[in-house]
Every structure is written in structure tokens, then in C-alpha cells.
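The following pair of complexes shares a single chain, chain A, combined with chain B in the former and chain C in the latter.
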Partner chain A sequence: MKRLSFFRESLAHYQGASRARKLVILLLSVAAAMLVGSVLILAVGANPLEAYYYMLIRPVTSISSIGEVAMYFTPLLLVGIGVAFAFHAKLSNLGGEGQMLFGALGMTLVGIPPVGEALGMWSLPLGILLGILMGALWAAVAGFFRVRFNASEIVVTLMLNYIAKQFISYVVFYPLRSGAEPQSARIVASLPKLYEGSRINWGVILALLLTVGYAVVIRRTRFGYHLRALGGSRRAAEYSGVKKNRYYFLALALSGALCGLAGAVQISGNTMRLMEGVAGDFGFSGIVVAMLGSLHPAGMVIAALFMALLEAGSMTMQVRTGIPVSFTSVLEALIVLFILLGMAISAAQSKRKKVSKT
Partner chain B sequence: MNETSLFSAAFLTALFSSGVRQSIPLIYGSVGDTVSERSGVMGISLEGEMLFGAFFAYLFALRSGSLWVGVLMGAVAGMLSSLIVAVWSVLFRQDQSIVGIMFNILATGFTNFLNRMIFGTSNANISIDTFQPIAIPGLSKIPVVGEIFFNQDILAYLSVVLAAAVFFVLRRTKLGLQLGAVGENPRAAQAAGIPVYRVRVLSYMFCGFAAGVAGASLTLSTVGTFTEAISAGRGFICLAIVILSRWNPLTALVASFGFGSIQALQIRLQVQGSALPYQVFVALPYLITVLVLALAGHNIRAPRELGVPFEKESR
Partner chain C sequence: MSGEKQAPLLELQGITKIFGGVAANDSISLKLHRGEVLALLGENGAGKSTLMNIIYGIYRPDAGSILVNGQKVRITSPKDAMAHGIGMVHQHFMLIGRFNAVENVTLITPDASWSLLKKKQIRASLEELKARYGIEVDLDCPVEQLSISMQQKIEILKLLYTGADILILDEPTAVLLPQECEALFEIIRHMAQQGKGVIFISHKLDEVLQISQRVDVLSHGRITGEVETAQADKDLIVRMMSGDNVPDMSGYVKKPPQEEAALSCAGLVAFDDRKVRTLDGVDLTVHRGEIVGVAGVEGNGQDELAEVLAGVRRATAGQIFIGGKEMDLSDPAGFISSGVGYIPSDRNTVGTVPDFPLYENWMLRNPHYPKKRGLTDLRAVQAQAAQAMEDFDVRAAGPGARSANLSGGNLQKFILARELETEPQVLICSYPTRGLDVKASWFIRSQLTKAKERGAGVVLFSGDLDELFAISDRIVVLYRGRVVGQLRPEETTAQEVILMMMGGTA
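Here is the complex of A and B:
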């Protein structure tokens, strides 16, 4: 029998903690990460305030730059809620990247000529649906391995990323190649824009609607309830009749479906073509969104917004201050590490209190 | 190219000789991970520790002019960085997969950051002279085999020594027994007076040390310079090797050679062209891993408490 890990315990404790306490941990984590980041910036002789201005404030000063933020916000939020579904069931989906790539492939297959031309505007919704399906299927491979062979979904999802990457590389180099560059043809129908003069499109609305859907599923449905029960205590959930295997499989497939959607949106709302690296680092930064948002729907929206600002602003920061873009990765990782630290300390404190009371 | 040249002795000798070179970082990484996994800590963060090792090995080798200073500093960098993972996942008992992934993001960002700040934005980093092959007298004269195995650089020979030493320690010593006990049943180990946390932290630091050498071998043994994200997923391949070799360092040696050879074959096919797209060969190690997990999954027994944090105070 495996004991409940302290991580789950502290996560459970953390989710049960008062809003004020959660907020304190989050804000302190962000502040601590930014402080460590400042030290790093000072060490290379640049001005931290200037760097943070370019990362957090500058991106929202014009309509077109807000559009750029949206390009990051949508996939971050979608992958974030995707991995959150898996986290609820105590599963780690580290394969967001591969699932996004297959989602992107699904959109491309339906979107490019000749299929795209034949379908016209219908290629957009059908492409999105196929993207969702392919993302879900790719994650279902890991789900199947977990359920059937008890293989760690952590290792399998990681491995599947590399296989997906090579598969997409093959696809854009050979069968779908169009022109000199290794990339597909342009898709016929793209996601409509929300506002002219900016790249912001309906992907944002889609992501926000799905976040509401996530909240409803997790909080108001039997499925969500059972998922959380499994995450809380596997044995207790199984005793009360939750079919563990079915839920593990479904949780991973659902997680992959959302990542697949993120990939489809990446094609139809951003790049318009399938190419290598189209999934970026969203598979991993989506995990940061889920952690920073503490799996809470509104929390993840704010977290995705914050991270989208960082990523959209980092290019300007690099040009203006000479601080490399990679600084944002350091900041993101530090934030989550500090949150984990805060959770552990907070859980240990309340435990001590409980012990001293009895 | 025609079939005869693909299977000629000269081609195969060159291929497997390059396969051995490609397997050096895999050997160090997988042997290190074997030790930490035996004690119950998964090396998801191997990839990041390799990057730390690769960067600092290159930096110090360049500045000091000594490859050995480079290797040492790479190993130290890998070890010190692994301390972050050890503190978070062993002492604070946080989820190893999340801590590991976050650490990898941190390592990628941090080494890119330092690389840009120290060496500027030009991609053409200064190259340094790498370790040279040392022909072992007598053995290197054996046809084919000599060229493949006994004409390699010092890091290759040391990797075999390390694997053998770890095998011996794990199988034949009290330390190895304690390590296994901590990974299999930490509660019983604690009852027997074994300091569970200390064993886990130290074995994870050993893993970081080995990963640092693995990174150093990337920059100082083959490439001669640091490029961003140079580890390119090798840390994850090491995890696969450890599973395939069933937590046995000597089997890991053989598995690493297999994966290294696939890597060497892929590089050659990319240059020469072949009927199969090269992506098939790049994906092969990962595909094999997933398949083995499925087909042999029931026979593979991981350390029982692998990935499960241990709580000291519990009954």
C-alpha cells in the first residue's frame, strides 16, 4: 500500500486552506522569485525595475501588443486546465507538448488544401474537433499504459513527447511539406479575430469558456467528484466504488484533449501552418499555470495572464535591456518551486498545531 | 548508397566507435540515476543537471585551460544543483515529477541566460580542444573490437570503471544494502537505524555528480563547445535506460551502448541519406522504451517506494 504522499497531503491541505492563506503563499512566492530574479539581473549589471517593466507593464500598453499577449495566453490556459484535470486524479501529465503537436496535426490535416478547400469554413470547427480527438488519443496511449501495464505515466508521457516531435518533424519534412521550408501549406480558414489591428482572436473566448466548463465538471459533476476522490485517497475512493482504471484513463484522455485543442488553436489562430516546434514550451509552462493557479479556475486564468505577459514581454526586454529571454524560464520555475516550499511549510505548521492541541 | 558499404567492416567499425562516444553521457547519467532510484528518488531532473554540468565544465575548461578542471567543476555544478531537487523532494517531500520538471525549466533557462551573458549573442562559441583518444597498448590492436572499444578517450574508460564500482557497491557492500532498503522499505530501514533522509539526499547528490560528468563529457569529449539545450533529452533517455536495465549498472552499460549506437547511426544516416527518414532513428530509443514498458512491464520490478516521499514522523 502506498501512503498518501506529503505533496498530495500538502496540496490537499493547501486547497482546503483559507483563501487569504493561499493568496499569501502565492504572492510571497511570486515576490520571492522576482527578488531572486532581481539579484540575477543586478549581477549582470542591468536594472531589475526596467526588466520587470518590459515584462509586466509594457505588453499591455498597446492594442497590438495585447494581441501578442493573447497568443501566449490561450495555449497557456488550455494546457493549464488540461494538466489540472490530471492533477486532480493524482496523475502528472508531462506530455502536453506531444499532445499539442498531435492537436496541431489534426487541425492541419483538415485545414490545408485539398480537404480545407472542399470544406471551406467548416474546416475550422472540424479541424478543431480532430485536433481535440488526436490530442486525446495521444494522451490515451499513456492512459492505456498506465491502466493496462501499470507503467508510470510520468515516464511514458515524457517519452511520447519525443516520439511526437519526431513524427511531426517527419510529417513536415516529407508528406505534408509545401515549398522549400519544412512546413505544411497554409490552412484555409483561420480563427476569426476579435478586434481588427490586433492578433487577438476567438481562441481566447474558447479558452475562457472551457475554464468555466472545467469548473463545472470538477465541482458539479459526479465525474469531477470521483476524480477528486481518487486524488484525495485512492483506497477510500475505490472502496466507495470509483472505478480507478476508468477514471485514470479518462483523466489522461481529457487532459490530452485540452492540450490537443491548444495545438489546434496554435495553428488556426497563430502560425497558420504546421512546423517543427509549433508547440513551444507550453507543455511544461502549462504545468506552471496549473500550479500557480492552484488548480482553481479563476486562479489559472490569472496565472496564465501573468505568464503570458512575461513571455510576450520578454522579447522587448531582451532587445532593450540585453537580458536574455531565457530569464523568464528561470522566473517561472522559481515561482513554482517557492509555491511548493510554501505549501510544505504551511502544511507542516498546521500539522504541528493540530498535534499540540490534542 | 549501396547495401554492401552499409555493412562493410570499415563502416561498422566507425559506426560503433562513434556509438561508444555517444554512449558516454548516457552511461554516467544512467549509472547515477540507478543509485538514486535504488534509494527511491527518480531522476526526472537529470536533464537539467546535465545542462549545469555541460555549461560549467565548458566555462571552467575554457578559462583555466585544463580539461580536468572543467570535468571537476562540471561534476560539482551537477552535484550542487541536484541539492535543490533533493531538498525539495526529499526533505520537503514534494512531488518528484513536478520538482524535476521545474528544475529542468530552471536549468535550461539559467544556462542559456549565463551563456548569453558571458559569451554574447553570437552562436559561435569558442571551441576548445577536446579529450583525445587513448589507444590501450595491445588491446587496441585487436581488429575491429580494438578500434571500437580500446581507442576511446579517458572519460569513456572511467565510465566503465564507475559502472563496475557502483555495481560492486550495490551488490556487495553494506552501503549498497542500506541504499536498497531505503528504496524498498524506508520504514523498516528507519527502524533498523538507517538514516533514510541522509541516504536519499546523498544518493541523489551522487546522481547529480554523475549527471554533471555526463554533461561535461558532452562539451569536453565530443562537441568542444556549449550550445543551448545541448543535453537534448539525454537525461530522459537515461531514465529509459535505467528501466530497461532493471536498475543494474552493468546492464545499463550495455543498454547505453545500444542507445549510443542508434544515435550514431542516426547521425550517419542524416548525412548520407537512407530509404527511411532519419526521424525514425531519433525516435527509436523512446519508442523502444515505451514498448518495453508495455511488453515487459510486468516483469520489471522497480524499487518499491520509487517516487514516494518518506515521512519521518509517521508511526
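Here is the complex of A and C:
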């Protein structure tokens, strides 16, 4: 736990660092991760330049592969801003995966026949709303434990993932099973496509609009202000009349709502069915997006795009160069490690300065 | 003193350090002799700490040189400083709480071997140092269980153990009670007698006159005066510090308060964070246009009373009326909207969010900050903050400056400006001038009297009796969570108030 709180301290400090300093830390982290990644690629006997080409450039060379990038980009960005809301209040939501699964379940419940057919065109918006709601409720469980028992939301959100995963397994194996495979029936209404011949759909637009919404809420509303004040100094926020428990609860619920939406979009824009593992690793990659984007709206868009390219390109990379797909996870982990290292160094530096300040 | 003929223990020549275009130290030269206590006096932000950090190797000077025993030395880290016999007691102690004094000293010995034998040796030499310098301290108790003043003594022991000849004490009395200061001075005198050189940093004049042989005054990064303490008097030094006559409250005439109550409370009971009942039935009335000073030995319920009256801490029993209206004790925002301004004792993490730019801290506790179509109007907020900073002489790089980078006085002025912006009918001030220099304190006090004259009811918690006597219309004494006395400053004496603070009856 001490490690985790150190992480949060570093993050909090990092939030206060200047924009230039943040950018330097981030770019250095990505560069360092890619450099270490190159060593690994060389170790398996492949060419790093070729590998990075397939990961970062190739995915944007055709409209259909851009569609694939979008399949990753949308949930990454949604989970990213979801996690970011909580981070502002110095809360760590590690439960994006579970919240996504419940969001996906919400969409599925309203989307599959016969409910979906009965609702017709309303099944999509209602499914999305239900997904948001269920994601929020799942995160609110952690919020409740935090507020009522002062239990660490880091642990609770993380543990709730396992419960959610087992529950969804049960659901697709038994009550919602349709056919031989453990998966639900196909949903009736999907997110409309943006461009024929590619899988890219309105989910991207939704995610981008919500990112703008995120920016406005965080920077220009009293709620966002209080959230940040709470994260910056709990006692200052209380001094300002903020009821901290209410905000902790709301921050986690809002964070879960966006992750739930990511789950609903995953169903209605990508898989069309509920199945195990439908949330992928987005719960954690979303945290990387938030960190890499340093909670800045545009930064998170760029980070989500970068991560989406890695994910979308990894398959081609495996086929062409023989490097396993899991290399992307290694690269992500390296990026996180280097960012944390950078934050810690920067925090230590400024602490030293603080001690010796006039 | 005696070492005039030989080279000074420590000499600085033309030390200059520039931070962001501002000279924090501007060609400073000074000398410290053996057996001498040199006081370095200056307001907050005058450059004292920067200078000490240069001597101690934390900063490197942009120009100038440091001489130890007449030899030019290069100090690039605290390790170098220690090797040259320079030791420093920081304001924040560098001790491991779970360790006792002997273990803490063992930790800093270069060949830290943990054998029992070594510990025994260290223990023996610490006992010897204790005796030689008259330092009374428990060597076996874990440091975290010792009082602050004891911890400070251990820090000093640590330095003496490393053989430091030059001891820098950075505002050592800021954390001590009056009687503890006397013990510290005794140790300092002992050290000087044994030929050590001591640099004593402070902004408290009386102390400096009491302990030092020589005073160097630092102002805006320059040495503005040097005087033998024996020939110095208070006025002279104050003039050196500020460059002109320092305003004080001596010309202030108290206007009688109005009849109407601005704040009243009855039967307030509250618990502190450790669930100790620290407020035990407080009744108090503050009239419009009145400053009520609250005196008491620290820890007798002042912090909780301030927080409860400001609505930040919830009283478990009792009532509070603001302007005749009963307050909902569970609703801190209600206190704000009813016109209660609050200056908390901790300006760094309660009064402001340290990582926020100033203009964002301007919005703290301020429900009426400018908005446009329901959203924060950042430009207008910045303009308001900038205007207030000008009015209250807050010196910072601008409204976008990070709050944590402001000096104590400037931050306090900023908080005061914010709390007075809405012309509150009640103003709760918790130790508003603690740690501030003469000028900033005067500014804060005169603003409080202005608020009073405007008709606000002011509750002033202070540990500074002079301050309480100078501007309060009434002084109440808090003892063990109760009001044990109400006095008029012109009808009482400091002795009487102190007696009541200690639980005696007047």
C-alpha cells in the first residue's frame, strides 16, 4: 500500500508540474520504452524498424485498417477519460475492466431479441444508457466502500474485476447463451458506420465529444474544480465547503459510467455479442492512456491513438516479423514503468528544491 | 571575539545566486569567527535560507567563494560541507522516527557498522558530548516519542558528533515554546564557549539580541547592515531590515463595537481528529465591529473552535448563530454563503491548494466567482485575482503563479484578500501572522482592523499576546476547551492573561 500511495503522491506532484516538464517526461518515457523494446525485438532476431513500422505506420495506410484502429481507439479513450476523472480527485480506478463488462452487459440486455426487437430503434440509445448506468453502479460499489469504510478504492476496484469477470462468464454460459459457443445472441441495433467499407463508426465521434465534455467539466465547472481541489489538498477542499465523501463517491461513479459506456460501445460497435473477455485489456490500457496523456484532453486523444496503433498493428507485426502480439503489452508496461520513474525522479527533485526553498 | 587575528572560521566573499532573473543573494560577504554566535536576521524571502543552502552545498552559487579557516573550498553537496566541518539543523528534522538517538547517529557515521561495540562507542561519545555542552536528552527513547525540542537537541548532537565546527541553525526557535528556547540558548552559549561558530537564523529580534554577538541583516538578498549586538538596539535593527520606518499599530485607536451580535454560539462541543473532546461547552458572542482575541496555550481547543465557528468541523452539540440566523452545523457551504470568512492556521494546504495557480485558489471558498453561461469565466477570475493581488501587495509572478511558490507572507495576504473580497460579516482568523515578518504582520493586522471598522465581527486566534492586546476589543481565554475568562485589554495585563491560560484564576 505504501508503494501505491507513493504512486499517487508522485502523480499528484506530477499534476502540478509545468506543461513542458510533463511533455519531456512523457516523450522520454515513450522513447526509452521503444528503445528497450528494440533490444527485445533484436533478441528474437527481428528488425525493430520493421516491427515499429507494422505497429505504428502500417495501420493508417488503408481505410479498412483505420477502422481497426478505431475499434481500439474508442474504448481506450473512453476508459482513459473515465480513469482521468477519478485521478483528478486522487482516486485510482483500477476497475475499468469490470465496469466495462457491466456496461457491455447493459447494452446486451437491451439489444438482444426479443427486447431489442420490441424496442426497435430505441434499443441502441437505451442500451448505451443502461450500459453507462451499470458501469457507474459497479464503480459505485467501490465508492460506497471507500466512503463508508474508508477502504482503498485501488484494492476494491481491482477485486471487483474478478467478480465481474466470473459473473459475465456465468451469464454467457447460461442465461444469455445462444448457440454452441458461450456467447449471447447478436444485438439488433448497432452503432451506425461513419464510412462504408470500414468498421469505423459513430463511437469515435461520441468518444471525442465526451473528451470535449470532460475538458469543460474539469476546467470550467464547479464540480470539476472541487474534484481537483480535493485531489490537490483534501483539507483545502473541505475548507472550501466540499463534502468529500459525496465527491469521492461521484468521482468513482462517473469514472465507472465512462468505462460502462466503453463496454456498451464495444458491444454495439465491435463484437455485437456479449462474450468472455469482451473488455479485453482496456481497463488497464485506459490507465496508460490517462497517464500518457497526463489527464490533458488532447494529450489523452493522442495517447489513445498511439496505443490503438500499437494494438491494431500488432497482429500484422506478428504475421510479418514473427514477434508475438504480446509484445504490445510489454511495450505498454515499459512505457508505464518509465513514466512512473520519470514522475518519481521529478517529484524527488522538486522535494529537494522545496526543502531548500527560501 | 578571540579569533580576530587568525583567519575566520568561515568567510563568504561576494556570494551571488540568481533564481529566474531575481537575485536571491546579491554579492553577500560575511565572516564567522571561532566562539562567535552570528545572527542572520531578515524578513521572509530576504534570502537567508538560500544563503545557508549555498553554504551547506545544496545550491551552488553563481558567483563568489567560500573560505573555511582561510582556505578556499568547493562545496557541491552536504557531504562536502560536512567534510569541512559545516553542519546544519534544518527546520524539518532529518531523523528516523523509530530509531533512538544513538541509532540515528549511527546511521550517519560513514562506516555505518551495526555492531554492538560501535553503538557502545557512539553512545559513550554522545554521553560525553551531552555533558560537555549541557544537552539534556534521552538517548534510548525512539525519536518519534520525543518532543520537538528534544528532537532538535538530537539534531544538534548529531552535528557535534560529526565534529562540525560551524553550526547553522535555521530558525531553530520557530518550533519551540518559550521555556524551551531558553534551554536551546544555553546549549548555543556552551557551544560558542567551546570554540564553535554558530550561525543563528531568525526573524525574531528579541532572541537575536539575547543570543548573538553580532547581527547581520539581510534584506532583498543583500546585507543591509552589520552591527555588534552589544551596540545594537531594536529600532536600529528594524530600520536596517526594512530600510525605513516600520509601521506599527501604536497609533491605532479602537472604536467601540456595535450592540448587534455578528456571531454567537452556545454550548459548543467538538472532538479533534484523535476523537479527544477538545471543546467542552463554549459560549461566545462577537459583536459587529468587534475584534475578539482568543488566547490560550496551544492545544486547548483553539484549532477546533476556529474550525467549528467557520463551519469546517462539525460540532457535536451546541448552536451557532451568524447575524441572528441559526446555522446548520453539518453544512459548511452554508457558513460560506452566510458571510463567514475564514483564515485557517495552515495557509499552505488548507488555505490554498499548493499545486493550483493563484487564480484557481481565488475560487476556493468563493461561490460567487465569475461565471459565463454557467461556466467558470477564467479570464475574469484571473483579472479579479490580479486586481486583489495589486490591492493587497501580493508579490508573485502573476495570477498564474503556482501557490506553493509564494512566500508565507504573500500567500497569507492573498488568502486575506480572498476572504475579504465578499465583505464577510464574520471573520475567523487562526494565527494569521504566525511566521510572518514585521511588515506583513502589520499589514494583516491593519486589514483586520479595517474589516472591524466596516462592521465585521472578527475572531482572532493568536499566540502573540502583543498582537491580542494591540487590536482586540476583548480577550477571551480558552483553557481545556472552555472559556475561562473574558478581559478588556486596557483593564488587564499580560501576566494576568498568561496566568489564566495556565489554568489559574484571575
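Simple rule for what comes next: the second predicted complex is superposed on the first by the 329 of 358 C-alpha atoms of A that agree within 3 Å, B and C clash if a C-alpha of one lies under 4 Å from a C-alpha of the other, contacts with A are read in each partner's own complex, and residues count from 1 in each chain.
Keep in mind that, in the parts below, a contact is a pair of C-beta atoms (placed from the backbone, for glycine too) under 8 Å apart; a residue touches a chain by one contact, two chains touch by 3 or more.
Since this is a predicted model, take the numbers as computed values, not measurements.
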| item | value |
| --- | --- |
| Chain B versus chain C as contact partner of A:Y195, first or second or both or neither | neither |
| Which of chain B and chain C A:V216 touches, first, second, both or neither | second |
| Which of chain B and chain C A:L158 touches, first, second, both or neither | first |
| Contacts of A:S233 with chain B and chain C, given as first, second, both or neither | second |
| Partner chain in contact with A:W122 - chain B first, chain C second, else both or neither | neither |
| Chain B versus chain C as contact partner of A:Y225, first or second or both or neither | second |
| Touched chain A residues, chain B compared with chain C | B |
| Contacts on chain A seen with chain B and repeated with chain C across the two complexes | none |
| In the complex with chain A, residue positions of chain C that touch it | 24, 44-50, 53, 58-59, 90, 92, 310-312, 332-333, 335-336, 342, 344, 346, 349-356, 360, 363-365, 367, 374-376, 378, 402, 404, 407 |
| Touching residues on chain A, where the partner in the complex is chain B | 2-3, 5-8, 10, 40, 44, 92, 94, 141, 145, 148-152, 154-156, 158-160, 162-163, 165-167, 169-170, 173-174, 281, 284-285, 287-288, 291, 323-324, 326-334, 336-337, 340-341, 343-345 |
| Contacting residues of chain A [partner chain C, same complex] | 12-13, 15-16, 216, 219-222, 225, 228-229, 232-233, 235-243, 352, 354-358 |
| Partner chain A, residues of chain B touching it in the complex | 42, 44, 84, 88, 92-95, 97-99, 101-106, 108-110, 112-113, 116-117, 228, 233, 236, 239-240, 243, 277, 279-280, 282-283, 286-287, 289-290, 293-294, 297-298, 307-309, 311, 314 |
